[in-house]
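Notes to accompany the following structure.
Which chain is which? They are A, B and C, in the order written, and residues in each are numbered from 1.
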Amino acid sequence: MTRSLLGLAFRATVGTLVLVAILGPLTSLLIWSLAERWHWPAPFPQQLGLKYWLRMLQGDPLRALTRGVGIASVTTVLALLMSVPVSYLAARRRLPAGPLVLALFVLPQAFPQLPVFASATVLFYRWNLAGTIPGVVLIHLVGGLVYAVWTLTAAFRAVGPELEEAAVNLGASATRTFFRIALPLALPGVAASAILVFLHSLDEFNGTLLVGAPYVTTLPVYMYTASLGYELQIASVTALILMAPGVVLLLLLERFLRAEYLAFFGHL
Amino acid sequence: MEVRVEGLVKRFGRVPALAGVSHTFPAGALTAVVGPSGCGKTTLLRVLAGFVRPDEGRVWMDGRDVTDLPPQARSCALVFQNYALWPHMTVFENVAFGLRLRRLPTREVEQRVREALALVELDRVPGIEGRRPRELSGGQQQRVALARAIAVRPRLLLLDEPLSNLDAKVRHRVRVEIRALQRRTGITTVYVTHDQEEALSIADVLVVMEGGRVVQWGRPEEVYARPKDPFVAEFLGSTNVLEASVGRDGAIQPSRDGRLLFRAEDVVLLPADATPPAGSVWAKGKVVDCLFLGAVYRAYVRVLDVVVMADARSPASPGPVVLAVPADRVMDFSHQNGEGAAKETA
Amino acid sequence: MSRWERWAWGLATVPAVGVLVAAFGLPLLQSVGASFVREGRFTWENYAIVYRLYRQDVLYTLGVAAGGVALTFGCGIPLAGYLRLRAWPWVEFLLKVPLFVPFVVTGHAMRVFLQPSGTLAAMLTAAGILPPGARLGIGEGWLGLVLALTWKHLALVVLLLVGAFRGVDDSYLEAAQGFGAGTFRQIWAVLVPMSATSVALALVLTLTSMLASFSIPLLMSRGSGPQMLMIDLYYRFGQHGDFEVASALGVVSYVMASGAVYAYLRSVTR
């Protein structure tokens, strides 16, 4: 009896702590996004309203949002097209110079991004890519390709080689087998991969800040500028818009997303 | 320690794993619980260990109700099917784990680990205390698991299919050792297995389970010789089943509601023209195949459109035979409605 | 595969490899090279500058990351262990939420939450814990940074650890429980050592990520006092236009990340 009471008290305490710790900062965003007037030290805003949300629907923030979605769409399509051959060959262990190429596809995870992207900016200036949308897409592709290659490799590996061998045995060419057997069976993995790359690009900050400056502003960079300029409401609205797709995804797909896919989000 | 369970019911989802089990496990004896997979024997063991809480029913140990006690408060030790030896600990640390939790002085921990290893005859392997589980053979791992369980001097030892991961040879040896160990220590032991031969050979008391119930229990010889129902009869030994009844002269005749069971080792094959010996139940048949099993030959004989097994010391050649079984070895379940022992045919 | 098919497939991998070489491989090599060059000549001068101006910040970065790792694992291991032993779905779900919150958003959210006049201060004042008008001084210093980094990384750590802990068969835990091991001891004596590889991997990843954290400190820290290494690098590069010293700072960060590089390379060659 005392045991279960103690357990209950423990769960209540830990549960409350987790609730406050996780939702506290996110709730602050929500309050700030609605605070039309908030003079310190009042614990709550004097006036709540949608003024700052409505401001998102026009001008700079809207442009940043649409530009970001455009960049993310292009990045997603390119990343998928480019990574499918690599992942398929990697899953079937037929990648020329396999370990070397695969090392290239994990190292961006391991190395600190900022110094590499700073160096990339210098190179991009030389190539006239700095401050352009293609430059930003290129820098988003670094992370995007890494996510795409690993999720797709896992997806292709899950398609048993014996299914393909059966087709080859009946006389289909390897390429035909790929398009008729492996690719259709791996489509769920391709979809997961597309979502990951899209979200990565939408939320990417470090590379965009360095390579995109000063002409290409996406939503994260816009949020940073707003926060730096003490436009806390604008920044909070932007922050909520940025995290919305990811959280919706978590709510909808939690049961279906495999742990290794989720793990990639840790690096967003 | 005498262990008594009464009216145990446990459902996982809608399926009952235990459907009202009542039984008394006698103190100091080795009770083997046997049954096909899914019969509830492992659930019963886990209820005794305290890892599963029954939906209904109680568990008493030496007259004390322990149903609501957690595993650690029950003075029982479980040996797991996969041994569950912690791979990151040495043999010594594995065996000492329970002793250290009891906060025994270091000297005593060492002494009792050594005692336990000696009991399972691992003291002769030099340097075994410092090795890790994966460096041991299957038989040695099994012994370490036993030593870990008995080191804490439990009053109830629970074994969950302890030999199922061993090779046949090692299995037979360890089986003998477990029995000897149990005799020596006198720990009340419950031994769960799906292998009827293992259960028959090791048990003081045999408990046969099916569908979440105990269908029969008793001394192994008794249960084997006088099964209460067709299930037990078929489960133990190599048993033939015929939909037939016995005629006046002992001849087997097809009969829709007749049910005759007899074991392969009780069948005698005679030449086709021989007269069946008096007091036997017999039928004409035809040998269709004969396999050499090592100790015996097993003939497959077609009788009344089914194939029955017959064991003999010499091979049987294909062709017509007379198949005879001593009448007292035939189990007649013709009018069996689930009650009473097999009626012996006169 | 026929020969021309093999060629076609090989060619199809070129764009992806090319992008990574151009936007990651070359820049990486260039930054290593540039860190040894000043006015077209080989020199150690850049590192001397790093030592002179930034050694405090290197220590500060190491300290913040160590504190963040300690706090993340101090919370993460017991939480993951508890979630492995006893189902608690809504807490597990909540702990995953920060995975989907981008680093920049985390930085801003923690800023408005923890800053002296932030939401936490307001909440504590409303609850009567803080006197009205008092400021909470944790948001802008190292403590706020440690809390923010922990908030973001705890999700990944719990995810990885719960996954690893679920891989430990129940029997190992029940064996310990049968001998009287409580929740805490089951976690420390069985789950953690049996998942040592995963714990070590999670540790290396977290440490590297915290050492190289940029957007969270960028949004949270004010100009004064010691800074995280990446902030120094950003200002050295962006405001001073000093690519060489920025590169030397970068190489220092590569060295600090070598544990992660090793772990990732091993995962590929395995």
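By our rule, a residue touches a chain if its C-beta (ideal position, glycine included) is under 8 Å from a C-beta of that chain, and two chains touch if they have at least 3 such contacts.
Owing to the predicted nature of the structure, the values given are computational and were not obtained by experimental measurement.
Undergrad: Report the topology of the inter-chain touch graph, choosing from line, ring, star, complete and other.
TA: line
Undergrad: By the contact definition above, name the pair with the higher C-beta contact count: B-C or A-C.
TA: Pair with more contacting C-beta pairs, B-C versus A-C: A-C.
Undergrad: In angstrom, rounded to a whole number, how far apart do the mean CA points of chain B and chain C lie?
TA: Each chain's C-alpha centroid was found; their separation is 55 Å.
Undergrad: Could you state the distance in Å from the CA-based centre of chain A to that of chain C?
TA: Once rounded, the distance between the two centres reads 16 Å.
Undergrad: Flag every residue of chain A that touches chain C in the complex, lowest number first.
TA: 11, 14-15, 18-19, 21-29, 31-32, 40-44, 81-83, 85-86, 88-89, 94-96, 99, 101-123, 138-139, 141-142, 145, 149, 173-175, 203, 205-206, 210, 220, 223-224, 227-228, 232, 235-236, 239, 242-243, 246-247, 249-250, 254, 259, 262-263, 265-268
Undergrad: So in the complex, the part of chain B that touches chain C is made up of which residues?
TA: Of all residues in chain B, those touching chain C are 49-51, 70-72, 76-78, 80-82, 84, 86-89, 97-98, 101-102, 148, 152.
Undergrad: Using the touch definition up top, name the residues of chain C that touch chain A in the complex.
TA: Its residues touching chain A are 1-2, 5, 8-10, 12-13, 15-17, 19-28, 30-31, 34, 79, 82, 88, 91, 93-114, 117-120, 122-123, 125-126, 132-133, 151, 153, 155-156, 159-160, 163, 205, 208-209, 211-212, 214-215, 218-219, 230, 233-234, 237-238, 243, 246-247, 249-251, 253-254, 256-257, 260-261, 263-265, 267-269.
Undergrad: Of all residues in chain C, which touch chain B in the complex?
TA: 169, 171-172, 174-181, 185, 189-190, 193-194, 196
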